[in-house]
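Lettered A, B, C and D in written order, each chain numbered from 1.
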Amino acid sequence: MSAVVWAVSGMLFLLGLAAVVLRRQLLAMFLGLELMVVAAALALGHEAGRAGLAEGLVAVLLVLAVAAAEAVVGLTLVLRVHWSGRPTEADALRELRG
Amino acid sequence: MTAMLWLPIAVLSAGALSVLAIGMGATPGRPIPCGLAKGVAAAAVLLALVLSAMTPEAVRPPLLRLDMLGGSIQLVFLAAAMPLLFVMTPGDEVPPALVLGSLIGMALVAAAGSLLMLFIGLELMSVPAYLLVARSRSTRAMEASVKYFFAGSAAGALFLMGMALHFSAAHSLDLASAPGPLGEAGLALMIAAALFKLGAVPLHFWLPDVYEASDPELAGFFSTGLKAAAALLLARLAGLSQGPILSILPWAAALTILFGAVVALRQQKLQRLLAYSSISHAGFMMLAVAAWARQGQASSAAGALFFYLAAYLFMSGGAFLWLKVSGFSSREQLKGLGRVRPADAAVLSVLLLALAGIPPTAGFAAKFLVFWEAFKAGLYVPLVLAGLGALLSLGYYLGLIRDMYFDEPMTAKVISEGRQDLDTAASSSVEAALGQRALVAAFAVLTVLLVVMPWLVDGLWAGGGR
Amino acid sequence: MSQGWLTLFWVLPAVGGLIALINRQGRWTSLVFSLATALYGLLLLGPASSGAWHVPVSSSSLAFGISYLLDCDGLSLSLCWLTAFLTVVCVIASWNKDFSRGYWAAFLFLESALIGVFLARDLFLFFVFWEAVLIPMFFIIGLWGMEGRRHAAMKFFLFTFFGSIFLLLGSIALVTRHHAATGVWTWDMVALKGPSGTAGILIFAAMALGFAVKIPLVPLHTWLPDAHTEAPAAGSVMLAGVLLKMGVYGFLRVLWPVFPQLSLELMPWLMLLAGVNVVYGALCAMAQKDLKRLIAYSSVAHLGFCLLGVVSRTPEGLLGGSLQLLNHGITTGALFLLVGFLYDRGHRRGLGDYGALYKRAPWLTFFFGFATMASVGLPGLNGFVGEFMSLIGVARVLPRFVFVGVLGVMMSAAYALPAYQSVFWDAEGKASVSAIVTDLDRREAGLLWVLCGAMLAIGLYPAPLLRVLEPFLLGLVSR
Amino acid sequence: MIHIPSAVILLFAAPLAALAVGFFVTRPYKPEWTHIPVLLSCAVVCACAAYLAAFVYSGRGLDGTLFRWMVAGDWDVPFGVRIDGIGVSVLAMVSLVGALIHLYAVGYMKGDPGFARFFLLFHLFYLSMIGLLISNNYVQLYLFWELVGVCSYFLIGFWMHKPAARRAALQAFLTLRVADLGLMLAVLILMGLYRNTRFAALYAVAGGIPTGVLALLGVLFVWAAAGKSALFPLYFWLPDAMEGPSPVSALMHAATMVTAGIFLLVRSWPLICVVPGLPEFIAVVGAVTAILAAVLASTQTDLKRILAYSTVSHLGLMAFGLGLGQVTAGVFHLVTHGFFKAVLFLCAGILAHAAGKSTVSVSEVGGLRRKMPLTFLCFLVAALSLGGFPLTAGFYSKDAILDAAFAHGGWAAAAGLAIAAGSAFYISRMLFLTFFGSRPEQKPIEHPHEAPPVMIVPVLFLSAGAVSVGWLGRGLARMLGSGWPKSVPAPALEGPTSVVSSAGLAAAALGAAGAYWLTMLRPSWDWQWRRRRPGLEALFFDDLGWRRVPVACVTAAVWFADKVGRVLDRDCWDAAIEGSTGVCRRVSEAGSRLATGSLSDSLWWVMIGAAALLAWAALR
């Protein structure tokens, strides 16, 4: 049973990872990030449940709270980019390099 | 006793809330007095500093514990925040609050007893940083903050997955080593996140952009405060590992030192040059952590790591502050500064000599201690590579000094262009520029005086080299 | 108590440097302080050479075995005195030029660091002073040098720093191995004993590399001609006069006592290196067209002689090599001074640029001839005594290297005299240039009288100076 | 410490005092009076030399240390004095001839701008020559040996404005330096083996030194002597050294400096004679040098160069005599040669002085017998002495050598006769060309006047000496006996047998007749063969091709030095080190290009880093 859960969370994690690295739009990458966090939370929750440790479950809750905070900040930054009139593309942000 | 442990964090949180309260009180018509927010924040940090200095050693409640390493590095990043708050261009109340938030995160990392606490601390210290970077309206700052956010969150996610794997093997979130491949794999991911925060080479590409785009004093805080917390995080995690990670860490350190030094050679923008130099110094910190971990967490190696971070605080912090005070941004502007403004040139030269590790400065003592511990830990070849990295770093540190003293001053245009940034700052409050200049000079003097610090602090680490 | 006196010896010029930085009369301050240091050095002659201040090995240390430990015996004191003497000469030599305050301060800081190097008995302290010497020299070459000064200053600093990295790593390895063997953390040169076997060889090689860059041994010597050519006159006097001595001093003070047995086994290799230094330096000197580069390469050859003598570990060789250190300081110092005076007048250093200077500047010709003869090794002047005793030392140990040494002596005439003749005798040089060359004034001639007097005195009666050098060196004798 | 007679101290003190007074007092204020303290010191030195000669003649001798020069622990090199037969006899000749030449130089150099500098250098040379003769160990001998070389460098190149003089000075010094290489090596080997180079000590242990080492030492001594005394391989610097003023040529390149080499061989004779075959080698070298130089002397046109080659020939003769085992004959000829060669050079100097040039060639003289009678008289006496005609000093000393040659028999006798004939031939040729009959090719100097008394008087004295010194042979042999180690056969000088002296006389007469026939009966012969076969003349001027060898060596050395110094050191090695900064720059630019600045690339790298760590952890 736990193998299935790990497979799912692993696959979700890799999917999110692919989204972050391959997609060009910022929002799509943002989705990828959240996907990775959720996958990890899933695995954590499952392990906590299986081992019967409340500590793990509390951890999942806190992780989700932190992810939420991150999302807020992330979205404000992406919106700032959008409002500044520049395309919210990863490649558009190339001014700083070298 | 556990109460004492929470006190610094509590004070910082109170400070943050009170700053926000002041902010709310201000109506558009009546802006809050510029120094008030910063003043309250600074007081909070100072109080936290004093309290954490008094915290007794090695308290071990389940969630929080504070050992010598954590406590001492806490001093470093709290102290790193002081110049930032002092020098930060006064605006609304949000930036001081963000700084306090980041400090809370770092304090959590320092005092963390469990992986969960580590993760929360990690995130809490990074998120405010993304916003602080985005503070100035310029497009470069916005771009940097976006890059920083995405890279930082990715690292956070990696950490989380690592934590999950570790949890599955150890069935507990405590800071204890987990047997079996899964545990090691989890630990590897977590260490990758820590290396990301520290700016180790393959994961460093975000760092130069962020340091270049943000204000110099903020970049100074990142290079000293954030890096110290990241080093502590790496140390905590490296402590858990049985062996495999420890064998690659010194090589990663050597690679980081060499790569940072080589790329910094040809940088023309000063902040970007200091960014790559901070990557090189991160390599030395990794070397110190590797030596600490391989010697069974010997207290002397912990002392070396602490002293390196403390010395780096004054060197790098001072250098960035100098950029803030002088307003220069590119290397050409430094040409001939020795004749035009000898005092500033002298201060920067002392800081650069310290960063390069030339003897009469604390930088040398720091590098010597790291070499000393690394040799005792048997990391011979990475040590020689680190030495060559130091030689390469001499290329640009001395190069800057050479430009300042041995070259003819550039045409008036470049100097004047550099000067107006200063003038705008100066025109607003001449005494602020003067105050900041005095602060930078103080940093320079400290980097020279601190050379004796290892010997003073030696007693603290149960006999240092014994 | 003795530590206090010795500390004052290196602190005095440092304080002088700080004062020179502040007040406008930089040159008077530096003259006063350099004279004070020289006189103070003389006061130490009595107690130091009698070994009254030799501090016994103690286990008390600040941390990691490091302790602030100074010691002074004949060898150290004579080198400190050479430093102080040459600094006074440099200050007086550049008296009429309008240098900024930093120039005068830099020389005092340089002197203070050099004295520190020669007095330090703790390896860590030695290393700190060793690197501290670089900073003032870097600024002297870089700020007040000739056209290519920027490049030469960087090259000088980077080369020596490369060497000192290995010196640092070697020292750390030595101390850790010493601790592993005896369980005591100490950095005291007298107490430290190096390990044998491959570890010993590796540590010896690392530290020797650090010293070799300074001597300079041939493969690592390319910084010397640039640094000498681009440094100001007084700068190259100090560079050739004292900085080159730190390398051989390192061998004498650190490597021989710490690796008594190993340095004997490695003697043939070290002598080979020294021999290559002699012949290679002489050959390169013959090919030079610039007067300063020629003297720089001749320094490479002369230091090769010092090393030959020192490596032989016989009484004559050790004393001869150490005496040659002092001789080379005086002779090459005088030569660089003269080239500096010539450059002040004719603004050229090429051999073909001048001609028939004996008409317009007879005193300059006389002193340059005198100094060239001393550097060529004319018996009766100081060069001969040092080189000859070194070669005697070599003859007693590995006779086959004597041929290299004697070849070097012969070639020294082959490059020095044609150069002397083409600048001072030949008429072909550009008449316009040598027309504006005036003779030495009273100040410059006075300086050179003192230097030539010293050359003659050491050449004719070196016994008292050898007596001062003897106590420490005879302890190193293996045979 | 044995009692050192005050005469010895004075030998050093007087010249030093004169030099000090000369340099610090007279030079700055009264340059034209510099010669006064110098001449005074010459007088004192002659007196001391005479006293020491009597001291040694009466059978006493001494070998003591004045002070410890180099010291290292128990080992030391003394600065001492050794008064014995060989040292004092040569010292007597050197001091007397030197003093008279000093006097001559006062007249010769009058009006020369470098008058003070000349006399100081001249007297420094005089002092170093004296020091060389009475030093008691090899290191001290090497000290004065080199000092003599340096004085010769500054004196040959005295007239710096003349390019030929400058070249000759440098050539002389470097050749002597190459030769001194041998002496330095020998001294170092001795010091390496015995930590002591005192003559007394070495004479005592001479038997014990292994012959292989002795052979090497011997060859090195011969190499050093060859340089200083212009024997075959290294003689080419002497003819060019004639560029210096005539007193210099007279003192250095006739009487004193060139004899230093022979003196060194005699001084180390106890070490050399033990080695089988070495004396013969010296004899052969001497003979070859003598014959070659005699031939070359006969073909030169410049008066001083003829005399220079004649000196080379006679030095070869001394070495020849020495090599045949006759130490006394060698030394005796050295002493007599000092006198008559000095006279010849001084007369040549007078001729040049009259012509107002530094030197004259045969085509600028002729028939001066009546106009310069005194010079002619002195020249005649010296020429007869050089040719070895009876009643002159040269006759006795040359016959002693011939006697040894005939005793040795075979090739030695033939060589001896050839040398006798050759030297008679070239000196007679010079005599007839200069003083007898004017020839169409010759444009004698306009108004040849007799030299001023201050120049002619010393020449008269010297020519008197050139005659009378011959009778002192017996006394010289007795003097050489003292201080001579017992192990070596005591030097002796029997009178030449009638057969030998008549053979020598016949050879000399033959040479003189040949010269008379070629120069007086067919007066322009000398110029005809030069016009007809210029190639042959060029060959003779090129020392039969030998002069090209040192030139080739020097150019090879300069070429090699340039290859090492410029190509290897600057263009290869230094360029490589400078190149390394270029490599760093390229790597740095590549590194900064790696940071493309795009967000996905940096994330890509983050994932690669994490994957690498993961893989590493999983593998181990």
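Everything that follows uses one rule, which is that a residue touches a chain if its C-beta (ideal position, glycine included) is under 8 Å from a C-beta of that chain, and two chains touch if they have at least 3 such contacts.
Here the structure is a predicted model, which is why all the values come from computation and not from measurement.
A.B. asks: Pick the pair with more C-beta contacts: C-D or A-D?
C.D. replies: Result of the comparison of C-D and A-D: C-D.
A.B. asks: Point out which chain occupies the most central position, where each centre is the mean of Cα atoms.
C.D. replies: C
A.B. asks: Could you grab the centroid distance between subunit C and subunit D? Build each centroid from C-alpha atoms only and quote it in angstrom.
C.D. replies: Those two chain centres are 37 Å apart.
A.B. asks: Rounded to a whole Å, what is the gap between the Cα centroids of subunit A and subunit D?
C.D. replies: 97
A.B. asks: From the C-alpha centre of subunit A to that of subunit B, how far is it in Å?
C.D. replies: Distance between chain centres, rounded to whole Å: 26 Å.
A.B. asks: Just give me the whole-number Å value for how far the CA centre of subunit B lies from that of subunit C.
C.D. replies: Distance between chain centres, rounded to whole Å: 43 Å.
A.B. asks: Hey, what residues on subunit B touch two or more of the other chains?
C.D. replies: 146-147, 150, 154, 158, 208-209, 267, 395
A.B. asks: Going by the contact rule already set, what residues in subunit D reach two or more other chains?
C.D. replies: Residues 592, 595, 597, 599, 603, 607 of subunit D touch two or more partner chains.
A.B. asks: For subunit A, what residues touch not just one other chain but two or more?
C.D. replies: 20, 29, 93, 95-98
A.B. asks: If I apply the definition of touch given earlier, which pairs of chains qualify?
C.D. replies: A-B, A-D, B-C, B-D, C-D
A.B. asks: Could you pull out which subunit D residues touch subunit C in their complex?
C.D. replies: Per the stated touch rule, the residues are 67-75, 139, 142-144, 146-147, 150, 153, 157, 160-161, 163, 166, 169-170, 173-174, 177-178, 180-181, 184-185, 188-189, 191-192, 195, 557-558, 560-562, 564-566, 569, 573-574, 577.
A.B. asks: Please give the residue numbers of subunit D that touch subunit A in the complex, ascending.
C.D. replies: Checking each residue of subunit D against subunit A gives 592-593, 595-600, 603-604, 607.
A.B. asks: Report the residues of subunit C in contact with subunit D in the complex, numbered from low to high.
C.D. replies: 219, 222, 280, 283-288, 297, 315-316, 318-320, 356, 358, 373, 378-380, 384-385, 388-389, 391-392, 395-396, 399, 402-403, 406-407, 409-410, 413-415, 417-418, 421, 425-427, 461-463, 466-467, 470, 474, 477
A.B. asks: Contact residues on subunit A for subunit D in the complex?
C.D. replies: Those residues of subunit A that touch subunit D are 17, 20-22, 24, 29, 90-91, 93-98.
A.B. asks: Can you check the complex and tell me which residues of subunit B touch subunit A?
C.D. replies: Its residues touching subunit A are 114, 116, 119-120, 123-124, 127, 130-131, 134, 139-140, 142-147, 149-150, 153-154, 156-158, 160-161, 163-165, 167-168, 171-173, 208-209, 212-213, 267, 272.
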